[in-house]
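Next up, some structures in structure tokens.
Here subunit A shows up in two complexes: once beside subunit B, once beside subunit C.
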Partner chain A sequence: MKNKRWLSLLVVSAAFIYLVLPLAATFMYSIAKEWSHTVLPVSYTLDWYKELFTDSRFLAAVGRTLTVSAIALIASVVTMSVTVFVVYMYLPKLERFLQAITMIPFAVPGVVAAVGLIKVYSSGPIVLSGTIWILVGAYYVLIIPYMYQGIRNSLRTIDARRLMEAAEILGASKMKAFLQVVAPNIMGGIIISALLSFSILIGEFVMANFLVGGSYETIQIYLMRQLNQNGHLSSAIVIAYFTIVLMISWLMLKLGTRFNKKEENKENAA
Partner chain B sequence: MSYVQIDQAFKQFGKSVVLQQVSLNVEKGELVTLLGPSGCGKSTLLRCIAGLESLDSGTISVNGKDISQLPPQRRNVGMVFQSYALFPNMTVFDNIAFGLKMQKLAREQITAKVNQAIELVHLSGKESSYPHQLSGGQQQRVALARALVTEPDILLLDEPLSALDAKIRKSLQSDLRSIQRDLKMTMIFVTHDQEEAMTISDRIFVMNNGEIAQQGKPEHIYASPKNEFVARFIGSYNVLTGRDLIRLTGQSMKPGTYAIRPEVMELHPSGEAHTFTHDRGLWLEGVISSMIVRGNVRRYEVQSQDVTLTIDELNVPHKVAFDEGMLINVRIPEAACTLLA
Partner chain C sequence: MHRKVTLFAIIALLPFALLVVGFLMLPLIAMIHDSFLSADGRTYTLEQYITALTSPYYSKGIVNSLKISLYSSVIGMIIAFVVSYSITRMPKKIQNFMITFSNLTSNFSGVPLAFAFIILLGNSGLFTLLFKEWGWNMTDTFSLYSWSGLVLVYVYFQVPLAILLLYPAYSGIHKQWRESAALLGASNLQFWLRIGIPVLLPSIVGTFSILFANAMGAYATAYALVGSNYNLLTIRIGSLIAGDVATQPQLGSALAVILGLMMLGAMWINERLMRRFRRDLQ
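Now for the complex of A and B:
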């Protein structure tokens, strides 16, 4: 028994070191002033971060990524929650069909999708190539599976059908019942799906590079370009980038456990 | 004309017919129960009354007004669901106030009515709790208050107590009944539990396969089931053919199917002195195959040739229970054999 515990501790530690070491090294490099022949850096500096956060190109790139992701996310939240709700409530026969099409983005590799999109949208009737809208569209499609699953699970968890019926019998129109009863109760699920989608979008490189690479520098493309120029600076970018994703994941986890706790309480009370 | 009148209600889902020309009447202030096994159409009928499902043909009228074509919002009915269906994002107060807000009542009026309803269901002090902080019984009280506070013409209850444990169920049954009497509220109650139906109803409609198998007062339905389905469903009756009875008792009977209540048969030790001919009633011999104590009664399974009989006996201390495997004589009073249609 004691041996086993020792072994598992060893395995976990090894895995932890394996995962953390590169990150730690990157972090060290991002705050190193001079580091060539020693195990640890000779001197430290925060200059790379200062340079990064004062670089207008970096800030613009962050702004662009946020803009594109936000547009895609908002469009997805609004359209998907209504679509999934309507199908769940009134067209249950279409549910399998909807589930099948929402899985397509998983099946199509990013490169294939990007090349296809460029082909379709570079000549009439709709020309989107080179504009941010082609990326917004691609991002919208990319996050559909996550949004769909999240929203559908929330609807099931709260038994949205029964809640709608109860609200309608009490005199609420369908619209009021949705806005006052269903929407507030699936909001937790929607926020979690949106955050998950967001963390996927800011990590996405293939689509961004292929579709708008030259004309619209997002954080991903900026990072790619900096990698070839300055190791310290690109390390700082990676760490900044990682911190953002970490914060989002932490927020998701927090919201997730809050959501689960509510469910648990419900079960305990019943 | 009755207060609630359902005329020739017909409904099918795809190819399966769920309601076959059901007609029934409910008087004002009456509590009736739709009783039947799952899939008999009772819940569908209730949902049609509420407007959550539409009838394929037939009419439903309340207080002389045909409501069959109205959306649920305009039917002025209340409904309580088995799963409570409370709004998880709202407090007890807001849940109950929801219907009144939809009616656009003034705030003071809403507060007064909600407080009154909370008192009615004994939930004072829980106004600002959320549903997930309440027990099942309390949640169902909130659901009841929420449905009652809008003063509906009829209150529909779809197996409201089925998810609760026995003790809470019993106490809510009696609360529900007394609230119903106080408010003189017309209620239609759906359940698959015959004991519950017997306890709370003014009248029972026993449903089977989308039809009403029998209707009447609880005591009437229990005492004289019309057919085999009702006899079996309502009180674990023993259902035997006349031929079986003749074979087992050696006495002549009219042909047909007979229902015998488990509590009317008497058990006598096999060696006990009695004369079969003088003692009125039908006598048969059997072996005790099992005995279960169900609180105040002992339930015996008695094997007599190829027929198994269920016999209930009051569980009183001075009367010694029969052991499994014992040979016994069973007496059935002749009047207790109900000939079924």
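Now for the complex of A and C:
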């Protein structure tokens, strides 16, 4: 069996090359000065990044993406942690129902979600079409599955029921027990799901394009428009985006291991 | 006391409930309602569904979407099946690296992915030029902007996801089983056919249904590659609700409902199999 080890290594290496190639090519393109009729670039430059980070249109697009994502994320963290907590603690009968609801966004692709949202908010009592709020709402729904999983799992890991009981026996009110005992303990889990959600939101194109595309240019819409204008600039955007995703993944990994270590210490102490 | 708790619970759940109703439930209901209306929006009719399923143009789009989802899922699955098994045979460090790397590349889809493939295989792409230098004019037989090109790009975004979903399943195959099977005289092939694959089967089908749904719902990748030129279900829906020509929201809604039902079907299969899988383990 051992002698086939090299075969596995070959397969894994081939897979790595396959997966890294498009990314590597994009990176090369972003630092290439001139590259149109040769296999490798003729000369290299960092000018595209310089141009990108001084381009006020790009910076405005970054600002817009951050604004929409931040509002959706904050709304999600606040309302969902309260909801999941209350259902977990006091309304366990609703748990299956809540779980079913949180799964729906998985079955609704961006295009389908856009159809309904445009229908409801382009006419009638509330008109949100073309404003940032329709996108905030759409993004809030998009990240529900991830936020639910994260919050639910952290509540289960810290055994929130017993924590609340202990805090209340010691004289804390329900509100105080939640804010000062439960909330700090599930913060790690919430931050991890929020980071995951954030990396999904900054890569979202479809709903942004349909719901606010004309009036509110996010990073992905800007990228789409640059695609046919300036390839080098576009590749610099893609690499910048991936650097952010990479940083977020790294942060999630760090936070995750720190969180787990804490759990282990707790178990060892017990 | 009890009443106070109920009141408190209602207030606590209200913001979430309002947002879910406003941005998920209502739009879905409005879309389903719309799909049963005639083009002028006055009368109830099944006209839109009949058009969607019988018009050669739209039914072709549905079939194309099903086809590309099937092809890309099958190919992605086969690659991921071999690769994730090979990953489990590597030292722990390489295993962790490959999983982290798959996780990173699973973010690579939509507009950025289409762009990267244009750099690699577009009209003046890296490989296109490389092959030309070697004396083979790739564009004679393959174009990134054709169906085979689209399948290639779809496979790419399926592979990392499939690796992430399949890799944990291999831990269900214990080393001892292989040893016992070998001791009892089973060959490698026999082990995989009789034990390995049957044990993995629920995960394989579950992963497959997720990949399938993933491809069915994809829009940005194809759109970024050739605009609205591919006849795919998602692209058709997109042009019907925000097209260059006149929009037909009712027909778009009917197509969206059809797509939603297909996604639900894929997820239902996944859910059923996962549940069975877990029961088997216990």
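In this text, the second predicted complex is superposed on the first by the 261 of 270 C-alpha atoms of A that agree within 3 Å, B and C clash if a C-alpha of one lies under 4 Å from a C-alpha of the other, contacts with A are read in each partner's own complex, and residues count from 1 in each chain.
We take it that contacts are C-beta pairs under 8 Å (C-beta built on N, C-alpha and C of every residue); 3 or more make two chains touch, one makes a residue touch a chain.
On a predicted model such as this, the values are computed, not experimentally measured, just so you know.
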Clash or fit, subunit B versus subunit C on superposed subunit A: fit
For A:K119 in the superposed arrangement: first (subunit B), second (subunit C), both or neither? second
Of the partners subunit B and subunit C, which touch A:T38 in the superposed model: first, second, both, neither? second
Specify the angle subtended at the CA centre of subunit A by the CA centres of subunit B and subunit C, expressed in degrees to the nearest 10. 100
Can A:M247 be said to touch subunit B (first), subunit C (second), both, or neither? neither
Look at A:L179 in the shared chain and tell me whether it touches subunit B only, subunit C only, both, or neither; answer first, second, both or neither. neither
Who does A:I74 touch here: subunit B (first), subunit C (second), both, or neither? neither
Touch check for A:I17: first (subunit B), second (subunit C), both, or neither? neither
If touched residues of subunit A are counted for subunit B and for subunit C, the larger one: C
Determine, under the contact definition given at the top, whether A:M224 touches first (subunit B), second (subunit C), both, or neither. second
Quick check on the superposed model: minimum Cα to Cα separation from subunit B to subunit C, whole Å please. 10
Take the contacts of subunit A with subunit B and those with subunit C, and give the residues found in both. none
Seen from subunit A, its contact residues with subunit B in the complex are 158-159, 162-163, 165-173, 176, 180-181, 184-185, 262, 265-266, 269-270
Subunit C residues touching subunit A - in the complex, by the definition given at the top: 5, 8-9, 12-13, 15-17, 19-20, 22-24, 26-31, 34, 79, 82-83, 85-87, 89-90, 94, 98, 100-105, 107-113, 115-120, 124, 126, 129-130, 133, 156, 159-160, 163, 213, 216-220, 224, 234, 237-238, 241-242, 249, 252-253, 256, 259-260, 263-264, 267
Touch list for subunit B against partner subunit A, complex: 50-52, 71-73, 75, 77-79, 81, 83, 85-89, 98-99, 102-103, 131-136, 139, 146-147, 150, 163
For subunit A, which residues count as touching subunit C in their complex? 5, 7-9, 11-12, 15-16, 18-23, 25-26, 29, 36-39, 75, 78-80, 82-83, 86-87, 90-91, 101, 103-120, 137-138, 140-141, 144, 174, 199, 203, 205-206, 209-210, 213, 220, 223-224, 227, 231, 234-235, 238, 241-242, 245-246, 249, 253
